[in-house]
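Each chain gets a letter, A, B, C and D, in the order it is written, and its residues are counted from 1.
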């Protein structure tokens, strides 16, 4: 019996939590979320290198919340999601029991925000090198080449909103794109509607994205959506010294300011 | 279906010289929803406004666009006219076809087309306008007066005599301000204390005035009519109710050699002290920085000698919250710091003093009992130099404007000196003599002619000490700029004031309900300070003459809907962190059991000033702002770009 | 061939730039008629989507202007706006949208001359760059009377 | 009509596409785009990805596009002027290289859009499409066509079906008059096939995993089984990926896009998985939670459509499961429902 199964069994037994969000084996070698409440379900829990999904989006889901006090198996991105959600008043301290899976398979438990913050201070939170390379490749293009690149990518979009549904930070009940007075974002999945939607979403995630990559993973049309928000991470860090999801009481980069913020384009 | 009226103003020829106003009216009259369109010579004139009102009634208009000058100029005019015709004033918009069109473009088709575009934008906008009602906020009819100098005293008494409550806050242990330091006042040479003291007492005894001395304003929140102020009452180490003001403690205090601020450092005071004999309230405070007990933990002589046992060493600062409807800032001034005048040796040579210090020397209640004796050795100076414009009218010192009152007080100083030291010679270096005011010119003349003061037009370049004398070097520009050198016994600098500008968050830029009085605004002499104070008091009284204030309802609002959604708001409160007015509040939605089921943002419309920063940031578009709503601006963009 | 007359929208705050443009008028300083102003209470109010809407409705260029830093009527609106533009420009640039077509400026109520300069220089620049064809290809107007536009 | 069998050489496929093009037919076929495969207009055979298991999206967009203009209008002072789009204004089109489940998926769409009032936009497009399907030589574990009455060589809905029978030859089944008419245009490339070709030898083996009638019966009876729907849908994040790749999902939304002068009315895909799908203006939402939406999705396909339209709204293509970001596997869920004892 793995440490994880032992731990979760104990948590459920002593009623620390009512349900635990973890991973189970899915179809065709996929890994998927499981909401563990019973002994049978506990036995299905797995933990391996393929368990990369950021499960925190489920913490915002109505019917999952209804299961009672939740525990969650978290990776680094998930910890940061929790911090960012906390800073936006969506999760209260102590509301969620967090088990973190270390690289060696051991578990660290977090019962409060402070300990997560401390942990994150010494943790690598950067984006992957291949993502960095892709961004660099795009940045090396001309403006027009980039336009054509994204045009081609957005053309594929079918507005299924899987990116939004998978994103832990897209917890709004009514997204801007669902607002129709005025209809800021065309509902239609034509070129303009797609561009508007993805620009809007990227902008709303600027300074909030914790680079978990769920949007791109979720996209059935294989659009590299994560690059849009990832690209903004380093300028926001460099210009405003802000990184999303590092502290539970952090100020959002775009709702604060410094009188001497630097720019070079305003005349 | 809208019924919009378009009124195109010629503004005489200001608009019609380059814009074809008839054409603008004709073309925009064809827009969907426009019921009536016309052009007229002067829309803002009486007949113009009548035309507007008649058209509203006749054509049953539900929206009005006036194409004329800048809305910053006449928007209130036309909104008022609409209201008089029974149309909600917020259904009226203006297109700026003068400042933004006719005045900046040549007479050609493009200019007329631009005017049409600008009108079309407003026609489409006004279709999305909503009838709004002005916001009413109650007025707390208590005024806060910050500063207990002559301006503050005057303002407080005037407001109190109008029947309103006043709270006065003074930083020093006593009210009276700088005027209490003055010896005599120009141009009548009345005794300053004699005029001031009765007014100070009147403040203390006035049933409508609450006085907090040795206190400072810590924070101001809120808005006109409804300020919330925190006042820190610094500990006086004294039970004021028990203290009779007998003064025994001040005479017995072993710590006696503390430079006296009131005397500009020319005299000394003990650690427990009353700043000056006529102080109001006439009760001492302990200066904890210098008190032996607070420094060494031993002494308590004052406690021992106090007949009423009023000393309280463990007393702490008290912070009180008060609600006021208006604030009068009468924080006065400070004399410019000494490091502004290194070339004059100010702060370096004991006998180079500023004007206020000279007032103390000349004062009968001052450190020398009114005898002019120089600080260094107590000798009576036989040659004295007064330097006017020290620091003012001098860009190099950062202050380009005239300090205005120095000419008069320098003349007064020279005169007082001559009256007290008959054989002495007063010199005055000046740039110009600015003696505008009743009996002022005569006063200066008297100084020059009767009191034989040597007026030299020129600037002093440097002052240095040599053999116990102060060498004053300057030039006489009326004598072709010949160098002048005077061996003086004492120098008085008519130094500039550093006005104590109010710095109040969060209302530092929007000061509705906050008024300025006295020298905190600009250099003023006593009559001017008093006049400004009375002016501010009238403003306050006018404000307090209403039970409610009305203001434009162009504020943000968070949408609400039926359960279970309640609002599009998800409660991320990013709006709260951008709001410069703390106008975003948290509203908890509770179920029947009293459990919180949702927390929403809510706008306090009394606090909101309508900047709309929250609106731009809201991801769910739950916040919108009246007058510049999402619908309105979106429509404006579409209308502008789709002709 | 007729000269290209760009459509340029200016989004300005009421207190500084709008008043500055009023001053340009009262001072009778001439500038190009291509630029038309839409008034906002504050640059803080200007949602980034407003810029997108301008392009998709056919604007060739955009001016966004407000109070100088520290001079905001609401004390901090322009600071927030500045951050927003710093980020949004990055995003636009990354998605291949031509940020040369957006001119940001601070124009105070006293800078009537500056406003005329900002307008004239922007018009000149956009005339050089030409119509915004990339965006025009996907603009709202393409939905109208376009054979097969919806039939994939 | 009676089915005709012909043989076409692989080497002539290129000519075949050229022929279609030269006759002016737009040809829609699967095209590889990175990891996804889209059905798009092609000019030549090289563009077509014939070796893929399935296109990412189904072929339904040929007759039911994701964005479809139905009306233009102008906002005049006198009122709104309408300029309806003529549904008949659509070219005869060839849908080439799609799978049998795509072709048979049109049965469901035909039933839905063929109900009164008939949907001319769909019916015109569908009527003008000739479908050439390719039977499936391989399948993956998401496929379950055989469980819902289809199969890798199912010819329902196809006008022509191609089956590779060797490296050189393709068996061509001419199934409909429309197919026959089209086949006549390339008769020169066809030779007669022997009657003894066993097509099934060339098809993938797709196991039957549940009894569809049992699933329909049990789904119909499970409306009030909230625990079942909740348990199955806890993982669901409420996106529309499943519906948008589905060959039979037909829900749509109308949106007007307009400026201050004119506008267009668009028909757009919609999904019952979205919370917004049933949201009333009042704020009330009859399907408030995701389990109710999931129930709707399953019941629509396996209870309401069989009952009202006499078709099962599922072809077993498994696209929804492949596209699902959180691995909601419909085959697994249907199997579970089939096994469930209804109380």
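To be clear about the criterion, a contact is a pair of C-beta atoms (placed from the backbone, for glycine too) under 8 Å apart; a residue touches a chain by one contact, two chains touch by 3 or more.
Just so you know, these numbers come straight off a predicted model, no measurement behind them.
Pairs B-C and B-D differ in how many C-beta pairs touch across them, and the larger number is found at B-C.
The innermost chain, defined by the distance from its C-alpha mean to the mean of all protein C-alpha atoms, is C. One simple way to say how far apart two chains are is to compare their mean CA positions; for chain B and chain C this gives 36 Å. Distance between chain centres (mean CA atoms), chain B to chain D: 73 Å. With centres taken as mean Cα positions, chain D sits 32 Å from chain A. Chain centres here are Cα means. That of chain C falls 45 Å from that of chain D.
Looking at chain B, residues 565, 578, 617, 630, 634-635, 638, 641-642 sit in touch with two or more other chains.
Counting partner chains per residue, chain C shows two or more touched chains at residues 48, 53, 57, 76, 80, 84, 140, 143, 150. Multi-chain contact residues of chain A (touching two or more other chains): 173, 176, 184, 190, 254-256. If you draw each protein chain as a dot and join the dots that touch, every dot ends up joined to every other dot.
Those residues of chain D that touch chain C in the complex are listed here as 40-41, 61, 65-69, 72, 85, 90, 257, 259, 262, 264, 266. On chain D, the positions that touch chain A within their shared complex are 33-36, 38, 56-57, 66-67, 140-142, 230, 233-235, 237-241, 243-245, 253, 255, 257, 266, 268-269, 271, 274-276, 289-291, 321-323, 325-327, 329, 331-332.
Against chain B, the residues of chain C that register as touching in their complex are 5, 7, 9, 14, 18-19, 21-26, 28-31, 33, 36-42, 44-48, 50, 53-54, 57-59, 72-77, 80-81, 84, 116, 141. Those residues of chain A lying in contact with chain B across their complex are 88-90, 171-176, 179, 181-182, 184, 204, 251-252, 254-256.
Of all residues in chain B, those touching chain C in their complex are 70-73, 96, 98-101, 103-106, 110-111, 113-114, 117-118, 121, 506, 508-510, 554, 578, 580-581, 609-613, 615-617, 625, 627-628, 630, 633-634, 636-638, 640-642.
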